[in-house]
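A quick write-up on the structure given underneath.
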Amino acid sequence: MIDKTRSSLEAALAGVPDGATIMVGGFGEAGLPNDLVDALIAQGAKDLVVVNNNAGQGERGVAALLATGRVRKIICSFPRNVDSQVFDNLYRSGKLELELVPQGTLVERIRAAGAGIGAFYTPTAFGTELARGKETRQINGRDFVLEFPLHADYALIKAEAADRWGNLVYRKTARNFGPVMAMAAKCTIAQVNRIVELGELDPEAIITPGIFVERVVRVAVAPTAVVTAGRK
Amino acid sequence: MIDKTRSSLEAALAGVPDGATIMVGGFGEAGLPNDLVDALIAQGAKDLVVVNNNAGQGERGVAALLATGRVRKIICSFPRNVDSQVFDNLYRSGKLELELVPQGTLVERIRAAGAGIGAFYTPTAFGTELARGKETRQINGRDFVLEFPLHADYALIKAEAADRWGNLVYRKTARNFGPVMAMAAKCTIAQVNRIVELGELDPEAIITPGIFVERVVRVAVAPTAVVTAGRK
Amino acid sequence: MSYAKRSREELAQRLASDIHDGAYVNLGIGLPTLVADHLPAGREIFLHSENGILGMGPAPAPGDVDTDLLNAGKQPVTLLPGGAFFHHADSFAMIRGGHLDICVLGAFQVSASGDIANWSTGEPEAIPAVGGAMDLAVGAKNIWVMMELLTRKGESKIVPRCTYPLTGVGVVKRVYSDLAVIDITPGGLVAYDLVPGLSMEELQSLTGLQLLTQAR
Amino acid sequence: MSYAKRSREELAQRLASDIHDGAYVNLGIGLPTLVADHLPAGREIFLHSENGILGMGPAPAPGDVDTDLLNAGKQPVTLLPGGAFFHHADSFAMIRGGHLDICVLGAFQVSASGDIANWSTGEPEAIPAVGGAMDLAVGAKNIWVMMELLTRKGESKIVPRCTYPLTGVGVVKRVYSDLAVIDITPGGLVAYDLVPGLSMEELQSLTGLQLLTQAR
């Protein structure tokens, strides 16, 4: 019997090696797998490359991971925030490499990795600093930039519910990067609020089929977080 | 008030010009929008390019459209079937152009059109006849073929239910090409079994958001079709 | 002559009045967000948020905040009946694929040829951050910029050529400003709806650019 | 010596016994479809169908046919509890993205270097049709071919170099045939599990190829 559920966060994070590339889902407070990130900190892997839309906010989650000094590089679209002080300090002191990628290109590169696409041409960023040094091509009179897939060793994501096969459903805008990162990582670990019986999830509404998920762990549902407005 | 529903098949097909490129959903009997195709035949547009996984089977649907002689070219992955006699005759007599595309490349080209991707590299078909004359590139030691998007003027698809904003849900494997073709066409026309009130479709389970759909028409649910085995 | 600039609310209202019934619209972070509060009654306008919403509704009542339902500015919002959720790749497919009718963006500068600069001041010590700005700039059928026409120092933000790092090249079709609406056309900049009391000559002098008055 | 070829059922059973618990598997049209009826008891194996199913179940009872629930061969099937539906682009992302552990394909020919030809006879009057064969051939982690080793004329279908048009280049890892199982390795063709009574020499003579017997 295939059972992808793990009994603890520790078990869910077992085996992450130094030097791993780790995708972390979430946009704003929605879909942040903070329990998994905390467990990754406890697990101790270092020299990591992190892929996330932001670069940590406040002192928890990705910010706390960055603060350990175990992240070598971050690939993201929007590192600067009113409360991104952990990132800001590391970046300004040259202790953290940054690869800045437009948000749509970031997620399409992740999808390309998951979908076996070798590279793709996007119109985004053509003629801007973020396309500097990149191959370009005119197609039907329009200018495009060549972008390559973004693979990961692990994806840490948050979903609403899972079954033992690893099928996932999400909740509202907490879906964001989760389904795509799950496709691009060799090992996807999902923290979920609920684990349900096989067959309980509507097969028409499963967003991430279990083929993309290796480990599932249930976490206590957090109290409603305070939302700070005005971030991106 | 935005209402994308049309009161008749005739109204749903209004305005299709000669020379249009028309995508037609469906795989096997599942998801074939045969009522829309019949209405297109009645509408009379000619010199068409048709994109479909197959090239018509039996005498109905795409086969009937081909039989009118109004299709100039068909782009598909699997034209040859035990009952593809209409296509076979037109093709052998040189009256119909064929562009044969591997199924995954076909659907990825359609997705690229819908997603604004200028071109992409796929490993599929490298080193085969179907890559002949195409640009190739080695990326990380693997060989890829460059493929371009496939746009359409119209997509004719079949869904299970719709609301007046054009949101769609599908049924089982009748989903197949519908959601992707809807993204790639300037005007997507969906035949549905049911039209429901706004808000009745679960926002977590809407497969095609209304932004991709221009017209919806309800058709009488057909009696269970006879399935002929062994086709591809 | 004397004139009053449009307030932010008036500007949002002026822009919103041009959004057609049934339009699919993305409102950028900052000033453009105000447009949501001024959508004309009687029109159904579909708001898109790049983090995976179509059919976004207004902010929730204080007691109804759902931290899983945020907009691209990471503020709590609601979903209208008929709205839908989807993941980021699908959301940016909508954007990049040209499915949005209108995207309203703020800007530091817009050039006479429609270039837009809105993501970086280019200062050496600044931490860069782009978000979805570059995707939005190339994606929507119509890119409208909403901004004050002049900087605090009184310099025009519509310029012959952007000095800030570009977000997109040749993409802006129209600028809604606190002083006038300005279309960016192949034939040049066409200004109209100047605030009462502002003459075309004064507007030209403020911007330092040649402005046309031809009928839209 | 005399030997009996494996029947289609025996061949399907032999192949199925090598599919590991928890494997994600696509069974190609034709002969490979038979494998579904021989999946080892006690293992959970996830069958994928390129038209948008994961967790495909067996054929329905005659009265329970649902024409909206078909496999890639367009035959009616069922869905297991825990199964899921998705659209074609997502389905081929699974295939092309290397997420399937095993894909079992039929073939006209397989070359000693793992090329596969299974989509076209190359005859000038033939109408070409490829379906998902080329995507499957490049996508799965393990491409297994299931075929009779010899043509009706007695010619080996494992050949030094394919003469039929190729489906994929250097992708086949193993051939399950009615006479033996043959691994395609960088070091050469490794044959094992020959049917009782068939010697390695006879098999070599039938195929005209050098076959190795090294331990797997």
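Chains here go by letter, A, B, C and D, matching the order in which they are written, and residues are numbered from 1 within each.
Operating definition for what follows: contacts are C-beta pairs under 8 Å (C-beta built on N, C-alpha and C of every residue); 3 or more make two chains touch, one makes a residue touch a chain.
Computed from a predicted model, the values in this text were never measured in an experiment.
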item	value
Chain whose Cα centroid lies at the greatest distance from that of chain C	D
Which of B-D and A-D has more C-beta pairs touching across its chains	B-D
Averaged-CA centre spacing for the pair chain C and chain A, given as whole angstrom	29
Rounded Å distance between chain A and chain D, as computed from the means of their C-alpha atoms	35
Separation of mean Cα positions, chain D and chain C [Å, integer]	55
Sequence positions of chain C contacting 2 or more other chains	79, 85-86, 92, 95-96, 138-139
Multi-partner residues of chain A (at least 2 other chains)	108, 111, 115-117, 122-123, 170-172, 204, 207
Chains that touch, pairwise	A-B, A-C, A-D, B-C, B-D
Chain C-facing residues of chain A, complex	27-31, 77-81, 84, 87-88, 91-92, 98, 100-105, 107-108, 110-111, 122-130, 143, 170-180, 207, 224-225, 227-232
Sites on chain B touched by chain A in the complex	108, 112, 115-123, 137, 139-140, 142, 144, 148, 169-172, 202, 204-205, 207
Of chain C, residues touching chain A in the complex	29, 49-53, 65-70, 72-76, 79, 85-89, 92, 95-96, 115, 120, 125, 127-135, 138-139, 165-169
Residue numbers on chain C that touch chain B, as the complex places them	21-22, 24, 44, 46, 48, 54-55, 79, 81-86, 92-100, 138-139
Contact set on chain B toward chain C in their complex	1-2, 111, 113-117, 163-165, 167, 183, 198-199, 201, 203-204, 206, 209-212
